[in-house]
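Look for chain A in each of the two complexes below; its partner is chain B in the first and chain C in the second.
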Partner chain A sequence: MFACNGNVETFVLFRLSDKSEKWIEWILLIATCISAVAIIAILSLLVAFCLPLFTLGRIRGVLSSQWQPSGGYFGILPMCAGSLALSLLALSIAFPAAMGICTLLHVLARGVFNRFLLATVRFMTGIPTVVYGFVSVFLLVPPMREWLGAGTGFSLLTAAFTLSLLILPTIVLVLHARLEQIDPILRLASEALGLTPIQQMRHVLFPVASRGMVVAAVLGMGRAIGDTLISLMVAGNAPQFPVSLYHSIRTLTAHVALVVATDSRSMAYQSVFAAGLGLFLVTGLITLFIRKSGKAGREVRREKGF
Partner chain B sequence: MEETVRKIMEPILSVENLSVHFSDKPVLQDVSLSLWPGEITVIVGPSGSGKSTLLRAVNRLNELYPHCRTSGSVRLRIHGESGDVYRGFMALSELRQRVGMVFQTPAVFPFSIQKNLTLPLQVYLGVNGSTLTERMEEILRDVGLWEEVKDRLRDDATTLSGGQQQRLCIARMLALKPAVLLLDEPTASLDFKSAARIEKLLLNLKRRYGILAVSHSLAQTRRIADRVCVLREGRIVQELDHEHLRDPDAFQTIIDVAF
Partner chain C sequence: MILIRGTVRRCGLLLFVLMASLPGVSSGGSLERFAGLEGKIDIAGGTAHIPVMNDAAKNVMDANPKIRITVAGGGSGIGVQKVGEGLVDIGNTGRALSKEEAEKYGLKSFPFAVDGVAVIVHPENSVKELSSQQVRDIFAGTITNWKQVGGQDAGIHLFTRDEASGTREVFWEKCLKKGATANTANVVPSNGAMKVAVAQDKSAIGYAGIGHVDATVKAVYLDGVVPTQENAMDGSYSVVRKLYMNTKGEPSRLVQAFIDYILSPEGAEITRKHGYIPISR
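And now, the complex of A and B:
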C-alpha cells in the first residue's frame, strides 16, 4: 500500500518498519513462550503437590464432605458445592440484569442516558473487588441480618448479590459488544415489521446474539467462580454445604486463602492444592469452551460487513 | 378511463406538504403525492435527493434516527377510514404492519426460512399450529418461492440466493396483510434474472396493494411504473404518468432535464 502511492519517503519508512517488525515478532514470541511456560509450570506444580494425595491414598479424605482439621477431616466437597452454588446464584441475578441493561443500551435509551449508562458499566469494571466486599459488609450485611432474620447476615444470598454486581459489567460488555456487531439492517427490518423495542430484543437481536449470550454467561460464571475476596468477606466462611440461602458458606477460593494464611505443612495444606487444581481445570475448561463456541459461531452469524 | 377510476376511488395514501429535517438540515421540502391501489408509483432522483427519506416518512421509520423533525401530513386509508399517521391515526406497530417495507439489501433474519415467516405471524396475529403452516405456504406461493424452498424450510435463510432472500422479505411483509408496500430499491443488489422475477412479482402484487417504490434504474421504472415522481434536492420537480412513460426517448429527455 505504501509502495503504490509512489512516495519515496513512505517507501523507505515501510522498509524500516519491516526490520522493526521482525523485532516485534521476536518480542511477542518470547512473551508468548513465557506465558505458556508459566501456565505449564503452575499446572505441573499443582499436580506435583497433589500427587502425595493420590499416592498415599488420601484423596478420598479430601473428596469427602467434612472439613474439621482438628478431627482429621479434610473434605473440600462443601467448598466445591459452595463455589458452584454461589457462582450460579450470582449468575442468575446478574444475567437477567445484564440482558435488561443491554436492552436499554440498544433499543430503549438514547443520547445522554445511553452514554451515561455505558460509562457507568465501564466504570464498574475498574472498581477493585475489595470495595464491593467492604461496602457490602456495611451496607448489605446488616439489612440482610435484620430483614431476613436468619443468622449473621453473612450468607450465600448476601455474597451472591455482591458477586452479581462484580460480574455484571463483564456480562454486559461482552453481550453489548456482540449486539453491536449485528448488522443494523436487522434492527431496521424488525422495526419496519412493527416489532416493539422489547419484541425486537426478544425475538430478533437476542436470538441472533445467542452465542454471544452463552459466552457472556460462561465468562461471568468463570469470574464468579474465580473470585475470592467477596466470598471471603461476606459469605461467612462456614465450611458447610449450601442448604439454605441464608446460611454461611465457604467457597474454594476463600478456603485456599484461609488455609494458606494459617498453615503450611499439614494435610490441610495439601488439600488446598487439590482445591487449586480443581479451580485451574474449571477455568481452563471455561476458556476452551468459549474459544470453541466462538469459532463455530463465526460461520453462520450475520455480522457487519458481510 | 383511468382518470375516471381515480376520481371515484380515494387514494390509499396521500402525502401532503411533507418536510423532513435532520439536525435542521432539510432533506424533504413540501412534498405532496398520492397513491392509488392497483398502481405502482416510482420515485426516481439522484442520490441524496431524499428518496429513501420519503419512503421512511410514510412508515415513520425516520424517527429511529436522531434529530429528525417531520412536518406535514401522511394520510392513510384503511378499511374505509382515513387519518394522519403523524396525528395518532394508529399505533406505531399497527402502522408498520399496514405499511410494509423492503430494503435495498435483503434483510432476512439469520434464522430458518420458516421462522422468518412465522415470527411476525406468531408475534402479532397469534397464529399457531396448522393455520400457521397453511398461511406460510400460501404466502410463499404468492411470491413464487414455495417450489424452491418447500423441502428446505428449516435451512438458514441466509443460505438462499440474493433474489430468493428478497422474495422472502417480501413474503414476510405480506404475511402481516399490509395495505401499502414501500420498496426501497428492491432489486439494486440483485442480478438481472432475480431482478426480473421481482419485477414480475410486483406487477402481480399491485392489483392488491398500493406500491410506492424507489428505483435507481430508469429502464426498470419504465417497465413497472404507473406513475413516476422525480425528486431533486428534497422536492418533487416532476410527475409523469403513462403518457410520458410510453415513449422511451421522450421519457429520457424529461428525466435528463429533471436531473
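And now, the complex of A and C:
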C-alpha cells in the first residue's frame, strides 16, 4: 500500500504540465534510439572482427571442442556449453527460491518480517559481484570440496550457487513489482472463495503475473549469462565440457577475460571475438526462447482478459 | 598480521620519504634527477611489477608534486598492447617481448629485476621434492595421485594460470619444456589468486613467482634445488624470468628519469623489498 501511494505521487508530479511530459517523451525516445543503435553497433563490430575467421576458413577450428592454444586448438564450444549450463543451473536454483520469497512477501509474511525481508532483498542488489565471488572462494569452495569428495571445489555447482544468489534479488524484485500491480479486488475475490494463502498464490496471483515471471526470468538469465567475475573466481575455468556438477568449467565471459590480454595478433585473440559473438547470440536466443514460451502459455491469455 | 606488516611498511616508507626530503642525505640523490621535470607517467601491465611501481611512484610524486604517476595492472599482454598503442608510457611485462611484438610496435625493453617461478603446494603436503619430469607428468595429467610421487593417497588438483600470464609462459617454457597442460586444470587469473587457491586445498599444486611465495604455501624443491631468489640469481635454479619495463621507441626525458630511478640503488632497494632480485646498472 505504501509503495502504491508513492507511485501515485510520482505520477502526479510528472503530470504537472504537458510540456514536461513532452520532454520526457523526447528523452525516452532518444534513450531508446541510443540503446538500439548501440546494440546494432556492437553486433556489427563483433561481426567485423570475426570476419577474418570466416574468410580464412578458421571458423571450423573455433567451432571445435578443444581449447589448447599451445597445441593449435582454439575450440570455444566447451565454453558455450559451460555458459549455458551454469546460467540455466543458477536460474533453476534462483527462480523457485524467488517464487518462494514472493509468496512469503505477498500472502504469508506480515508486518516487520515482511519489511525486513524486502529490505534484505533490496540490500542484496547493492552488493558488488566481487564480494560474492570473494566470499565464495573462502566460505563455499572449501566445504564444497569436502562434501562432494571429488574435484577441487571450484566447480559448476559452486558457481551456480553463488550466481543464483546474485540473480535472486533481480528476479524477486521484478516479480514483486508485478504482483504489487495486481488488483486487490482479485485477492479479495480469491480470499472470499475460501482459498488458502498458498492456493491464492498458486491459482490466482502467479498465473495472473505470468508475464512478470517471464520478464523476471529473462532478466535473471541475462544477468547470469553475462556475469564474468563469479564464474572467473569460482567456476575453476578449465576449458572442458560441463559433464558433471563438481567439474571445473569455463564460461564464455570468463574465457574472454582470460584470453583478451594475449598477443593481439594471435589466433587465440581472434577467437575471443568469436566467443563474444557467441555470447551475444546465446543471450539473444535465450531471450527469444523465454519470451516465445511465455507467450505460448495459456496464462497470458487470461492476463489479457483481465 | 597483514595490518601490522602494512603499518611497518608504511612507517618504513614514511621514514624513507622523510630521509629523501632532507637535503644532504645521500639517498635523496636519486630523486634529484626529477628536479625541474613535470608531467604525467601512465604505467600498466604485469601484476608482479605493481608493488615496486607503486612505491617508486609514491617516492617520486612526494619529491616532486608536479609529476603524476598512475599504475595499473592487466597482465603482461595488456602491458604490451597498451604501450604499443600509445595508451600508456610504460608497459610492464613479466617475460621478454616476442620478436613480433617488439617489431610491430617498435618497443624498447628495460629489465630491472629477476624473479624465479616456484612450484607450490599446500604447507601440509608431505611431498618436499619433485623432479622436473614429475612436474611435467603431473601437469600433463599422467600422474594423477600424490601417492605416485611419494605423498598421501589423494588426487592431485591442478592449478594453472591464464593465457596472458608471464608467469605461465616462463613456467611452460622452462619447467614444462613446452609440454601440454591437462584440460582439467583449474585456471586462476593472478599470482594472488593462485596462492589463495593452493593455500586452501591440501591436494593442490600450482606455481607462482618466488616473490609471492610466503608461509601460506610451500615451494617444493625442483630437481633438488631450493627455489629461492638467490638460487635464481646465480643460475642454479633454472625456472627464472626477468621483469621488464617497455617503452615505445626512446622514452621521453621524464619517463627516462623514472626508469633510471627504478634502476638506481634506491630503486633496487624497493625491488628487493618486494621479494625480487634487482638488476642494477
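The rule is simple: the second predicted complex is superposed on the first by the 237 of 306 C-alpha atoms of A that agree within 3 Å, B and C clash if a C-alpha of one lies under 4 Å from a C-alpha of the other, contacts with A are read in each partner's own complex, and residues count from 1 in each chain.
Heads up, the rule we're going with is that a contact is a pair of C-beta atoms (placed from the backbone, for glycine too) under 8 Å apart; a residue touches a chain by one contact, two chains touch by 3 or more.
It should be emphasised that the depicted structure is a prediction, and the values quoted were computed from it without experimental measurement.
By the touch criterion defined above, A:Arg60 reaches neither chain B nor chain C. Contacts of A:His203 after superposition: chain B is touched, whereas chain C is not reached. In the superposed model, more residues of chain A are touched by C than by the other of chain B and chain C. Contacts of A:Gly153 after superposition on the shared chain: chain C is touched, whereas chain B is not.
In the superposition on chain A, A:Leu188 contacts chain B only, with no contact to chain C. Once the two complexes are laid over each other on the shared chain, residue contacts for A:Arg110 go to chain B alone; chain C is not touched. In the overlay built on the shared chain, the residue A:Ser70 is in contact with chain C alone; chain B does not reach it.
When both complexes are aligned on chain A by C-alpha atoms, no chain A residue touches chain B in the first and chain C in the second. Here chain B touches chain A in the complex through residues 59, 61, 64, 66, 92-97, 100-101, 103, 105, 107, 109-111, 119-120, 123-124, 156, 158, 169, 172-173, 176, going by the rule given at the top. On the chain A side of its complex with chain B, the touching residues are 110-111, 183, 185-186, 188-196, 199, 203-204, 207-208, 300-302. Against chain A, the residues of chain C that register as touching in their complex are 74-78, 80-81, 98, 100-101, 104, 155, 157, 159, 162-164, 172, 178, 180-181, 183-189, 193, 196-197, 200-201, 203-204. Those residues of chain A that touch chain C in the shared complex are 66-71, 137-138, 141-142, 145, 150-154, 232-233, 236-240, 247-248, 250, 257-265, 268.
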